[in-house]
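Look at the two complexes coming up: chain A is in both, with chain B in one and chain C in the other.
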Partner chain A sequence: MKFRAVMVDPGPMRELTHIVNTISKLSKECVLRLSDDKIYFIVSEDNSGPTPPVLWCEISQSNFFSEYQMIGIDEDHKDIYLGIVSASLAKSLVTLKTAKMLKIKLTKKQCPCLTLDIEMPSSISQQTRQVSHDIPVVVVPRKLWGEFNEPKIPQPDISIELPPLKQLRNTIDRMKTMSSDIIISASAEGRLTLQIKTDTAKVSTRFRGLNVESFEGPIDHSDSETESQTCEDISKICSCRIDAKKFSMFLNAEQISHNRTLCHIIHKRLVVLQLHTKENVDFQCFIMGIVY
Partner chain B sequence: MKCHVPGPNVKVLARTVHALARFGDDLYLESLSDCILLRTLNASESAYAMVKLNKNFFSHFNHNYYCVDVEGLKCKISMKSALNAFKSPAHMDKQVENLEIKLDPHSSKLIFQLNCKHGIVKTHYVSILDCKAMQAVYTKDLVPNRITSSQRLLSEALGNFQCSDDQVTLEVTSESLIIKNFGDTPTDISRIIRSQVTIKPFEFSSYTIGTDTNITFTLKEFRALLGFAEGLNLPVQLHFEITGKPAVFVVHNGTTIEAHFVLATSKPDIGTQYTSQHTTNSERKRKENSNDNNISAKKVHLDEDLSNQFQEDSNLFNYIPNNMSQNNVRENINNVEKANSIDTNCDNIPASPTSRMRIASVFKRCFESTFDPRIIHGVVLAENSDSD
Partner chain C sequence: MDDGTSQYYFTASMDSGKTLYNLLKSIQFQECAVFCAMNEGLKLTVEEGKCVQASAYIPADNFTEYHVRDDVDVLFKINISVLTECLNIFGANEDSSLKMYYRCEGSPLLLVLQPQSMINVMTDCEIATQIADSILELRDEDVPEVAKLVLKASAFMGLLGDLERSCDTIEINLSPEHPNVSIITYGMQDRSCIDVPKSSDMVQSFSCKQAIRLKYQLYHLRLIMKALAISSKVVLRSSSNGLLLIQLKLEKEDQRQMFTEFFILPLLDD
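Here is the complex of A and B:
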């Protein structure tokens, strides 16, 4: 198993720092999957079973690295799966924002390590300062690879564009102090509603005029308690109750410079929040619906 | 003693006290005829700090205010009470117009009187715990290795280390300086991130290395002293010899203030050092709380432990001829700091290179080349000078 990659562009470096930072806030540990053309960050819950992972992030290597070499175990198992403490990675990459060059290597030093060699510019001259970090990793054995397969999710009932994440985050952070779960609903007319209900209050925030990418209606509301709004076709509204904290955690991704964010809802079952960047990073969060 | 500190210098003094507070729990103040010395020592007696405030730091300085012909006024106060007088150093210069410090040899209180804006006067009467001073003996001028660096460079370098790291090793050669958080001995590396920063000599303002060496010291105190240098925007001078000899960090502006920070150094082996140091720290703290006479308590405790250890594993202490071990100890004393005498205790504890891991982790510090004989006979790092 071999892996070596070099990064020189400041843009992608900054983006990688933001991505890793966001991941470290989502979870203590993550799995780094290296393949020929892509790098994946995968966070899955311990007892995941058939549920999708919490996070699935794909980075195409050619946009990030100027050099990229890797060799897997054998022909049939070309990829490398590494378990890593996400906070360690995030802390080691803190200085990357000002770095000139980053080399990532898989090394064996008493235990498998991901070695980061960072070249920092010196404050007084053209020469550079060398910083290196050895982050211990766990090589995920082949028999466990299945747990980190690409998530297979059913066709979403609706895919709607999200409003600016900063706005959304402000709203969610206030809502989450009042209630532990949020009902998120989207209509085919491009309206996103965030709603919480407590014993004393019902708060909802609506965002209008959002792009609807796809809609697979009509939605069956026969078993639900959804209150019919006036003069609106209820079959065009798709909703899901999710954990407010998890939603808020995804919104940390706000710091990643993105050009498109989407929210896919499978009625009453699953919310997928997806973020795209111009470097072709695909960052997806899966939040299971709560059913009472 | 009575002195006035002008507004801008109050901030400096506040920063000084805050830096010292990150070293030790007690503050020793000594007034001499031309300066005031502030000193502190950390709980494990591995770090010492001394800040000298020259006469011209003050707008008014009268050493013989209460009585004439006092050799040196000394007092020991608790760091917490000193910190209380200097809350929020960043804003102090805006609120405080001047500070008056009064020390009466016949009183039991040290007085800090802060004259603030709008005629507000805040007076802190700080209880004096003791009339002793404490002094460490170290050399900083006759050492082969000297480095002067801007505090920014070192702060930037330390930015690469984790908050959980507690020691760093400096590996110096004439070509480069390497700061790293791990030693050569194998430790459990599956949990820590091993980081290493290489800095070329040209980045330092001056760089003289007479002997290639590596020294390991605690990061907590290092960060504290860098914070101090950063607050005053002054460069840091590092004077050190070889592994085991103390490293002296000097921060001064040439005229009003001069600070020496002395850190004990050890061999770079992090894992075991870590646990042992922490246990001793907490043990000491407990003892200090429970017993004023902690010196004797410490001694008794340590002896007990040692005798238990003898019973458990008598092979641990290899026989080494008496004169040799005495030489070892003596060398340490001469070089590190002075101690009263060598009593028989330390002769029984020679350096034991073949110690087992478990025992080594408990009594690691006894077997270091930095082995500090004073811990055994309970003498403080610095000799108590005469209180009368």
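Here is the complex of A and C:
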């Protein structure tokens, strides 16, 4: 097994820092999967069984690295899966925002390590400084690879553009203090509604005029308690009750500079929040619906 | 809309909800408040164990539209932390316009909020209301006022902030003689004293008919800190029975004013 990569562009360096930072807020540990053309960050819940992972982030290596070499275990198992403490990776990458160069290597010290060599410019002289981090990793054995397979998601009932994440985050954070779960619903007419219901208050925030990417209606509401709102066709509304904290955690991704964000809803079952960046990174969060 | 809202007990709207949010936040040391809409303005009152009573008062001219039905009492209990969260639903950096509706007794208070810088977004809130608890009537016209002090709010906040935090009680001595105001705290092993003569910069006016010595729980006095932070002027009035009334005035950019008021009951001498 071998892995060695070099990064020199400031744009991707900044993006990687933000991505790892966001992941470290979502979960203590993550799995870094290295393949020929892509690297993946995967966060899955323990004993999650057949449910999709919490986070799936796909980075195409050619956009990020100027050099990239890797050799997997053998011809049939070309990838490398590494378990890593996301906070240690995030801490090591703090200096990357201003770095000139980053080298990543898989090394064998006392235990397998991901070694980061960061070259920093000096503010007072032409010389550079070299910062080196060894981050212990766990090589994930082949028999467990299946747990980190690409999630298979059924066709979403609706895919709708999200409003600016910062704005969304402000609202979600307020709602989070009042209720542990939030009902998110989207209509084919481009409206996204966030709603909480508690004994003391009912709050709903509506965003209008959002682009609807796709809609596979009509939605069957026959078994649900959805209140029909006046003069609105409820078969065009798709909704899901999700954990407010998980939603808010995804919104940390606001710091990753992004081109567009999408929300896919599978009625009453699953919400997928997806973020695309300039460097063609695909960042997806999966939040299972709560059914009472 | 006019014919629709006239049957409501209470309706009000304002262009900017930020100041209202800050004002309510400054008296939010209890979950629930008594909400009372009168013709002259809106008043929310919070009580801390029958020892402190705090009210926020928003005169009607702060609202662009304000209407209370004459033939009914608009008085109910409401969860003030939920109310402030709702007013702040778009976050601290976003100011929003606000509409309030209250249809009749027992119905929820409806809020409609719209951020100023964004179109296409709005929030509806329905906050449950309950029958109001009775609140203490502390204002007693028969008890004479002994001393009245007008201070600059920021300076008084600095003074309160300087007091030793570990102390339980604070003693305020007011007298017509020098040093007109002295504030004493007693700690485990120390006694500290701050004198404020009436010639001090922070004192805008001072009147005192007879010397009086008052004791309060420091924690109770500290409850006014948030209100001090947003106010420009503070008036302290003390009655002969030891009751302290602190009135704070908040001045908005548009020259309108909002007020907070704290009644603090004295500690009895042991």
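The criterion applied here is as follows: the second predicted complex is superposed on the first by the 292 of 292 C-alpha atoms of A that agree within 3 Å, B and C clash if a C-alpha of one lies under 4 Å from a C-alpha of the other, contacts with A are read in each partner's own complex, and residues count from 1 in each chain.
To be clear about the criterion, contacts are C-beta pairs under 8 Å (C-beta built on N, C-alpha and C of every residue); 3 or more make two chains touch, one makes a residue touch a chain.
Because the structure is predicted, anything quoted here is derived from the model rather than measured.
Q: Applying the document's definition of touch, where does A:170 land relative to chain B and chain C: first, second, both, or neither?
A: Second partner only.
Q: Just checking: does A:91 make contact with chain B only, chain C only, both, or neither of them? Give me first, second, both or neither.
A: A:91 sits against chain B, while chain C stays out of touch.
Q: Once chain A of both complexes is superposed, is A:78 in touch with chain B (first), chain C (second), both, or neither?
A: Touch status of A:78: no partner.
Q: Please work out whether A:278 is in contact with chain B alone, chain C alone, both, or neither, and reply first, second, both or neither.
A: neither
Q: Examine A:28 and indicate which partner it touches, taking first as chain B and second as chain C; both and neither are also allowed.
A: Neither partner.
Q: Which partner does A:199 reach: the first (chain B), the second (chain C), both, or neither?
A: In the superposition, A:199 touches chain C alone.
Q: Just chain B (first), just chain C (second), both, or neither: which does A:207 touch?
A: second
Q: Touching chain B in one complex and chain C in the other: list those residues of chain A.
A: Residues common to the chain A contacts of chain C and of chain B do not exist here, since the sets are disjoint.
Q: If you look only at chain C, which of its residues touch chain A in the complex?
A: 79, 82, 85-86, 88-94, 108, 118, 120-128
Q: Could you pull out which chain A residues touch chain C in their complex?
A: It comes out as residues 163, 167, 169-171, 173-175, 177-178, 199-209.
Q: State the interface residues of chain A toward chain B in the complex, per the touch definition above.
A: 88, 91-92, 94-95, 109-111, 113, 120, 122-125, 127, 129-136
Q: Flag every residue of chain B that touches chain A in the complex, lowest number first.
A: 152-153, 156-157, 159-160, 162, 186, 189-200, 202-203
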